[in-house]
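Contents: one structure, followed by commentary.
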Amino acid sequence: MGPEHAHAIGLATDMAVMSLLALSAYLLLLAGRISFGQQAYFGLGAYASALATTWAQWPLAAALAGAGLVGAAAAFALALPTSRLSGLHHAVATLAFAEMLRIALQGWHWRWTGADGAPAGPNGIDGFRDIRWLLENDVSDAAFLGLAAGVLGAVLLALALLWRCRAALALRAVGQDDTLAAAQGTPVRRVRLAAATVAGAVAALGGALYAHRTTYIEPALFDPMLGVHAVGYALIGGLGTVFGPLLGVAFDLGLLDATRVFAGWRMVVFGGLVALFLRWRPRGLLDEATLDRLASFLGRRRAPPIAPSLETVR
Amino acid sequence: MGRVIDLLQTTLDGLLDGASYALVGLGLTLTFGTLRRLNLAHGAVAMIAAYAGAWLHGRGAVPAWGVALAVVGVAVVASLYVEWLCFAPAADGATLARGGAPVAGADAREVVALASSFAVWMQLEQLGVHLLPRHLNAFPSLAAETEWALGPFALRPDRLALALLAVVLTAGLATWLARTRGGLAWRAAADQRVAAGLVGIGVPGVQRMAFAVAGALAGVAAFAVLAVQGQVTPMFGMWVLTKGLVAALLGGLGSVRGVLGGGLALGVVEAHAQGLAGALGREFATWALLFAVLLVPRRRGGAGRAHGA
Amino acid sequence: MLEIEDLATAYGKIDALKGVSLSARGGEVTCLLGPNGAGKTTLMMTLAGILRPQRGSIRFEGEEIVGRTPAEIVARGLALVPENRLVFPALSVRENLLAGAFRRRDRAAIRDDVERMLDRFPRLRERIGQLAGTLSGGEQQMLAVARALMSRPRMLLMDEPSVGLAPLVVAEIFAIVRQLHAEGTSIFLVEQNAHMALKVAQHFYLIEQGRIGFSGTPGQLAEDDVIQRAYLGRRRAA
């Protein structure tokens, strides 16, 4: 296996992992809320799964499931007080929560003696080393890519299946106009809670995969920039479909990073693009209107889109 | 007795720190008050201005006041860039009616500007890091050589000067907003955009001026804070945004006098948290305080217009 | 004094005005009646310079004002009392009045005008220091009128001054309109309340779906006919 091959596998795995985080931000955007704190669940998933495979000696699959549960529980707990906050306050509150978690992790030391006699476990600001489940079980990079893609695929499948059902329609209705949705009898708060919980689980899955791929995690990795990127991916890729966030990730990691064309200027380009998109295509590349046109071009009729609410001159 | 003195000293230190938080938050609360939208690129504007100053300082032979002018100038330009890219179009109701927004409904404009300003934040920070790739960069230092003694308390004159600067700028801005024709125009434009246009206030011009002034304030704050520290790192932008945002939110977003109170409160809480739980405790306390304040249901009129109160 | 020719304005994707022509004479109260959605507010916003028309011309005292900024239009002597009042809720009554005079620089005269407004609207004088957002609907309407008058307009535009107000208050507002007219102020008024409007107007138009459907003096059309068309946009079966 040549180095380009290995590099491509690595890149694909990174994209799969980041896609999970981007999807998590996307779910909240669908519900009409912006969250700058999804990196918290990413981090929680990373730490929880690492503990599961190192300290509790669980197999990876169980660790992933556990991480998802932890992410879901934490997201639910946070969403309880924050779901009623409006856009700006919600964004800042989620950021505050994520930062509190990150700082708490910086102070968390829980060491034990590993099988080889060396100390192991989360070591505060120095992070959590030796998350070696993949190495110890001889999982190749390609196999892990398969796993990551599988997890991503499962999440996408679940979301795609739900897309047409009442739950998803309720979600999008709430995101478009929650007053209207409430007037139509949608349990707005419950919908938001559900969206946040699922988003937390998805982000945590991403974090768990990340931890095992890199074998080393530290609190500094789960900083606001990570969460901000996640939102950026969802916004650029488009909110009309679950593949939108993936497009955003592919664009940034695949195009900008991998091609090295914009070496060192990646954020300048990416940031500029997000801003420009928001100016002229606020719902991203794959927005509802584009998908509609695509669908009718392909001769298929989509479920009628929920019309964006008309903003009046204030 | 010694304990009381310690507590008071901690409080004093906290107040002095808090004044610098208010100073960096002043521009942020101003743009929020004028537009009802949060400019997340505020910290990045301060950072790139600071980096420009440090770069100039690194070239040598530029006096401190020259660096200060450069910092303020770059901050104003950067701030106008942010306004042009992120906030001017977001004010356009027609775009939203036409194409929808990432988050619809009343939050739409707010979120669009929020999102695009964080994008520009990323842009500006990376530009800055390109200019000065090292982590630690020297900045003209106006730090005090000695400490003053005020009875049993220690007081650094440079930090006191910083605090006074914060108070003077806050009071000046608040007075200007409350008592002058220009200030009335700003408050009117913030309060009721359409009606402001109808009485002949050029609202887009007011918006641009607000960003320019906020940029200048960010530049002044950046220079003052960094001159006391003598150096600047890439973390500076995030620091400005964090402290400024918390200070502004505590005092009520949009309130000029409020950001002073908010900054002071934050400084004191942080100082005592540090005393109790070290550096991590201090950092944690910032976010915990912010979180708590956000979750408490507030009276209407807490956040919103630019006003002196 | 005000001549509008073939004015067409779109609002978003909607063609709100489809070629409106009308004129308002100096010294008179001219009224435009029509149901919701007929384009009345779009017309007013276009006159004030907030919206730009796709085509057509607006001449005020002989000068073309299409394409001018709201500030320039106010400077020329055309002031709008907008629909729903749009007072500055966080500013005091006094500050609202001062804002109305924003384009003026003659400070002493502005002060005198404020006093005069408070004389004309004693209820506002009582509440001079209060925030405008705390005023009642009728008081806000008076404040909006006073604010517009502060720019010393040569013609006052009023967009549905009676909407959302109790009948007694509506009567008060129209009394003010009559008083202003008696003092020589030219007024162009847009309304849904045909009954009250016809009592004060010297000339009126009916707007239906973006176009003028009728032009004449009160009395030329049976009042209930007018009301039908103004409220419901429906012509009575001939």
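Labels A, B and C are assigned to the chains in the order they are written; within every chain, residues are numbered from 1.
Methods note: a residue touches a chain if its C-beta (ideal position, glycine included) is under 8 Å from a C-beta of that chain, and two chains touch if they have at least 3 such contacts.
This structure is a prediction, so every number in the text was calculated from the model and none was measured.
Undergrad: Taking all protein C-alpha atoms shown, work out their mean, then name the chain whose own C-alpha mean is nearest to it.
TA: Of the chains present, the most centrally placed is B.
Undergrad: Which pair, A-B or B-C, has more C-beta contacts?
TA: Greater number of contacting C-beta pairs: A-B.
Undergrad: Taking each chain's centre as the mean of its CA atoms, how far is subunit A from subunit C in angstrom?
TA: Comparing mean C-alpha positions, subunit C is 52 Å from subunit A.
Undergrad: How many Å are there between the centre of subunit A and the centre of subunit B, using C-alpha atoms for each centre?
TA: One centre to the other, that is 30 Å.
Undergrad: Can you check how far apart subunit B and subunit C are, centre to centre, with Cα atoms defining each centre and the answer in Å?
TA: The answer is 42 Å.
Undergrad: Going by the contact rule already set, what residues in subunit C reach two or more other chains?
TA: Within subunit C, the residues that touch at least two other chains are 12, 50.
Undergrad: Pull out every residue in subunit B that's touching 2 or more other chains.
TA: Those would be 97, 194.
Undergrad: For subunit A, which residues are shared contacts with two or more other chains?
TA: Each of 310, 313 in subunit A touches at least two other chains.
Undergrad: Would you tell me which residues of subunit C are touching subunit B in their complex?
TA: Counting only subunit C, the residues touching subunit B are 12-13, 48-50, 69-71, 74-75, 79-80, 82, 86-91, 95, 98-100, 102-103, 147, 151.
Undergrad: Write out the stretch or stretches of subunit B touching subunit A in their complex.
TA: By the definition above, subunit B touches subunit A via 38, 85-86, 89-90, 93, 95-97, 99-112, 114-127, 130, 193-194, 238, 245, 249, 280, 283-284, 287-288, 290-291, 294-295.
Undergrad: With touch defined as at the start, can you tell me which subunit A residues reach subunit B in the complex?
TA: 29, 32-34, 36, 81-82, 85-89, 91-93, 96-97, 99-100, 103-104, 106-107, 175-179, 224-225, 228, 231-232, 235, 239, 264-268, 270-276, 278-284, 287-289, 308-314
Undergrad: Show me the residue ranges of subunit B that touch subunit C in the complex, using the header's touch definition.
TA: 94, 97-98, 181, 184-185, 187-188, 191-192, 194-202, 301, 304-305, 307
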